[in-house]
Amino acid sequence: MSLLLDIRGLDKRFGGLHVTRGVSFQLRAGDRLALIGPNGAGKTTLVNQVSGVLRPDAGEIRLRGENVTRLGQARRVRLGLARTFQITTLAPHLPVQRQIEMALFEREGLGGRAWRSVDAYPALNAEAQGLLQRFGLRAQAATPTEDLAYGEQRLVEMALALALRPRVLLLDEPMAGVPKGDGARLLAALDSLPRDLAVLIIEHDMDLVFRFASRIVVLAEGAVLADGSPDEIRRDPKVRAAYLGTPA
Amino acid sequence: MTVLFNIAVDGLAYGMVLFVIAVGLSLTLGLMRFVNLSHCAFAMVGGYCAAFLVRQAQWNFWLAVPAAIIATAALGAVLEMLVLRHLYRRKELDQVLFTIGLSFFLIAATNALAGPQVQLIPLPPGLAGSVDLGFRTLPAQRLLVIGAGLAVAAGAAWIVARTRFGVWLRAAVDHSGTASSLGIPIRVVQCASFAAGAALAGFGGILGAELMPLEPYYALKYLVLVLVVVAVGGMGSIAGSLAAAVVLGVIETASKYLASDWGSLFFFLAMAALLAWRPDGLLKR
Amino acid sequence: MNTSTTLQGPAKAPSEARHAAAPRCRPAWRAPLVVLALGALACALLPEQLGLMTRIFIAALFVLSLDLVVGVAGLATLGHAAVFGTGAYAAGIFALKVMPDPLAGLAIGIGAGGLLALASGAFLLRYQGFTFLMLTVAVAQIVLSLAQKARDWTGGDDGLSGFTVGPLLGHFAFDLEGRVAAFYALAVLVLMHYVARRLVDSPFGLAVRGIHENRARMAALGTPVYRRLLAMYAAAGAIAGAAGALSAQTNAIVGLDSLSFALSAEALVMLILGGAGRLSGALVGAVVFTLLHHTAASINPYHWLFVVGFMLMAVVLVSPAKAWGWLRRRVGAAS
Amino acid sequence: MLFSRRALVRALAASSFVLAAAQAHAQSVKIGIVGPFSGPFAHYGALFKAAAEAYVAGQGGKLGGREVELIYRDTGGPNPAQAKGLVQELIVKDKVDYLGGFVFTPNALAVAPLIQQSQTPTVIFNAATSAITEKSDYFVRTGYTLWQVTVPLARWAAKQHIARVVTAVTDYGPGLDAEAAFKNEFARQGGTVVESIRMPIATTDFGPFVQRIKASGAQAVYTFLPGGPPNLGFIKAYNENGLARSGVRFLGTAETDEFDLQKFGDSAVGLTTAFHYSGAHDSAANKAFVAALKKQDPGAVANYASVGAWDGMYVIQKMIEATGGRKDGPKAIAAARALQWESPRGPVRIDGKTRHITQDVYLRQVEMVGGVAVNKEVESFGPQLDHGLAQ
């Protein structure tokens, strides 16, 4: 399967704090990589560097062969990278369907169209409604995003990422704070992700990690502690000591 | 050579006046996150009170000034308790609209009560004359302003940084919920700090009356000038406001000496450059 | 995308899900048509107040352009007079030195306003919040100082006058009563309102509204945030330039007050009064404030500030929505 | 019976009363007074109102035998768009017969086309830029122009063997007019203007400019400043930096105007100005004017603004008499062109060609008379026409 994301020697400091230490790993189409580690291990900071929110001090990020380390988020999205946020980051007053359509317009490069109304793009309107249908949010199409339940807002985050038809999807703790009831739909969404999509997910729920992930990277104090299959990681003494707390 | 001295001396004096008036707004804007565009109206009230006390009521200058400051603080406290406290959580634009309305109201009230003429605060003999600095003379009143400005800067910085009230104030602003849960009397702190802001404004109005004569339209006339100093100095930063006031004061004075027919063009060019260079405040990285 | 399993939400009948309301924009021509009707009605009912009507239409157009910047793009500005005044001076100088035709002058005003907004926006939009607000003040004051300095072009303090504006479309001369001026201003207001409505309802408008509500989200969707904001800022500048040109042509004079801080502050007050973000709020705010100011000033030319100041404070304390609600309950209870 | 008879009678009575009132109303002459009644220049408006109403009261409430209705409109400040809107409303809606007021040049220029088209005689009480009366045949000016008062001052200064003068004017319309008038005449009289300082209109700290004046080595400074705060600030800086002591004489026009004069205290003594009106002008007409003004509004001050309004009402009265109270612009203006009378400021006449007031200009020095500062008229330069238009 083709190499989509290639990270080599990523390094980042916040003043004296060394938050990312020489992180390297690859992501191929179809991968289901879980990024785990204790709080403060630098997981979100790593995702922020890969997605272009933060700029690394050193190292290289190659997306489908192109070096995007210095490029902005827009270029990375066009190359097929999409992400969700740990803290829900949505436009509160816009109706949910408009939120999705915004992503579709950007994907189709129509973000600059200033004359025809948003309702004059039937194909994209329909696609947006289809996506909402898929996430069970079709009934809330006209509801402002802030009026949705927290779990449903997490679904909107994921729907937005998928609306961009990404090749690489970064999920930053999609299940964080989601009550059991809404969790089911999120899990179903995870299972129904396209086969050839490369997914990196930051997650604390070990049951989900071991059920979903085909590969696990363990991060501790900003550095890669271990990188391997779920079984290798379960047995790896270093991981057990640093993370699961039981002595080697 | 004397031109440079002149620019420095006049610039410093003018800058200190700007600082004394602006520091109160920097506190209310920065430390209380409250966009109080009626700040200059409080400066006007302070000035009018002092003028009334000294001229009509024949009080001694050194007695009238503190009394006027206390009166302005009282007005600030009353308005804060009655009306302004409902606005703390409101959107910035709502605060702008309300405080502009309040300024209009205070302008109309002053115009109705004291008429449109300029109110002068007669200075005591000690301050009325000029002091000879060797190469030139400088009005004694300017020296008072420079001294008072430095005192206000030091005092305000000390209170905010060192005293319990300062700690309470900063806590109340960052997160009033947690602060009140720690037993900090939020309402008292908010009311007291707004009153302090009004008092500082009143004090600035009195000291600045030499350069910015007191007339009803004062409240809106110098608003832009004060906002500029607060923005360049950085909201809530007392040292920043001091530095910004002096720098802008010197630049404005230099343009008067060297290129006065360009009006206040250089003042605003300098402001834009400083703000673009240090958006969060002159002394903040 | 090979998966098509629909994720059924908690027990919802499929048919009901399909008919749930999708958000639909109201047709863009509807609101402007209402404005046209109301404006024409007002001019018909008050033939002796056409001068006031013209000033209201121009103020409404200016506040409409401000709404694009403050309400839609979320950029609080106190320097919007810069583009209004530049449009006015451009149209005035054009009429004086080149051609008195009003429509050509209007186009020049639009171009001048748009260009200045583009140039100043390129610098301003690197900043946000209070810093952006104060930088807009600086830009407006710099333009004002330059206009005062370029005395032989702008007439300085005495204002730019002496230019005549030719008849509209060749044969509607601007008359004393101001009838042609009023309908000309109304027509441009309605046209620009339609343009603004189209802008806001377009994908571009949606992206700018998205940026207003959450920049991080839009950046994550790949939106070129800076470019979108600059485009909206320039569009608003063009519309403000049109308002400035109308003011120059209907008054046959341009004063330095068209670049003043007071004008920017008054426009912002009108916008907040009417409610930002809906475009219609801008028009309501402009009409209400101008009428309030006009009537209060004619009743008592000296202390009208009391009334306006009190009204502004009241509007913030008792939000208009609650006021309407209270009023409706009263009326409801009475009838 | 739809109506009871009593109701019918009452209705008839009521309608006849209304008709009568409308009738009387129709005959009264409407005069629109346009000026700043709010904002930073509100004192001009207050003075116009006091002087105009004092004049009408002095005439027993009638002008030319007609009831008079004064309508005030506030322009707030230099705001041409608003001024035009207000005047358009006064002419079209309120159907005024005459207009008066105007402090700012842009406001006057804005209404010129309106009064020309509607043939409404408009008396300019104060705006001082020469070119205004050229913009419409229906402008009459009872104020002054800067050229009119500056040229005689420049001639006097040259005669006093003052060779080197520095000009320091506020950088706006009238200020530049004043600077040009002084430089032009002083050069013609053989004097040299060593430096022309322009002070921005928003200046509050005049210290630097006074330092520049001191450094220029001039024997005198000719200055022009708008009334109120700038005026006060400049003269205070002039005193605080001891310019009088170091031999730099003060030459001004409206700077020692009665409205601000008392605020200078005795530091103003000796300031020399040339102007067309002084509160202390020694004439019966002036005493009557000052008394009438005091009776009408104790707060009002007899100065160039109030005398401009007072004389303006005189001109309007004469125009009403000439047209029998009916609205007839050309006839009224023709009458105005021929007017000559004894004004509180002294003998004046309206110049037939330029419709501008020709008036005596006096040299004055500030003196303390009974603890009150006054502009003592020391010398008269005789009648002066508007030298600005002569250029």
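In this document, chain identifiers A, B, C and D correspond to the written order of the chains, with residue numbering beginning at 1 in each.
Assume a residue touches a chain if its C-beta (ideal position, glycine included) is under 8 Å from a C-beta of that chain, and two chains touch if they have at least 3 such contacts.
Keep in mind it's a predicted model, so treat the numbers as computed, not measured.
Colleague: Determine, using the mean of C-alpha atoms as each chain's centre, which chain is farthest from chain A.
Modeller: D
Colleague: Report which interface contains more C-beta contacts, comparing A-C against B-D.
Modeller: Between the chain pairs A-C and B-D, A-C carries more contacts.
Colleague: Go ahead and note the Å separation of the Cα centroids belonging to chain A and chain C.
Modeller: Distance between chain centres, rounded to whole Å: 40 Å.
Colleague: Could you grab the centroid distance between chain C and chain D? Build each centroid from C-alpha atoms only and quote it in angstrom.
Modeller: Distance between chain centres: 38 Å.
Colleague: I'd like to verify one number: the distance from the centre of chain A to the centre of chain B, where each centre is the average of its C-alpha atoms, in whole angstrom.
Modeller: Measuring from centre to centre gives 50 Å for this pair.
Colleague: Touching at least two other chains at once: which residues of chain D meet that condition?
Modeller: Only 38, 42, 46, 171, 201 qualify.
Colleague: Mind pulling the residue numbers of chain A that touch at least two other chains?
Modeller: Where chain A is concerned, no single residue meets two or more other chains.
Colleague: Could you check chain C for residues that touch two or more other chains and list them?
Modeller: 148, 302-305
Colleague: For this structure, enumerate the chain pairs that meet the touch criterion.
Modeller: A-C, B-C, B-D, C-D
Colleague: Please name which positions on chain D make contact with chain C in the complex.
Modeller: Listed in rising order, the residues are 37-38, 42, 45-46, 72-74, 77-82, 84-86, 88-89, 91-93, 105-106, 109-110, 112-114, 117-118, 129, 131, 135, 171-173, 176, 201.
Colleague: Using the touch rule from the top, collect the residues of chain C that touch chain D in their complex.
Modeller: Listed in rising order, the residues are 48-52, 54-55, 148, 151, 156-159, 161, 176-178, 247, 251-258, 297-298, 301-305.
Colleague: Residue numbers of chain C touching chain A in their complex, please.
Modeller: 1-3, 5-10, 12, 16-18, 20-25, 28, 198-199, 201-207, 209-210, 213-214, 216-224, 228, 231, 235
Colleague: Taking the complex as given, what residues does chain D use to touch chain B?
Modeller: 38-40, 42-43, 46, 171, 197-205, 207-209, 211-212, 215, 228-229, 232-233, 236, 240-242, 259-260, 263, 299
Colleague: Which part of chain A faces chain C closely enough to touch in the complex?
Modeller: Touching chain C: residues 51, 53, 72-74, 76-78, 82-83, 85, 89-95, 97-99, 101-103, 105-107, 110-119, 121, 125, 129, 133-142, 160, 164-165, 181, 185, 188-189, 192-195 of chain A.
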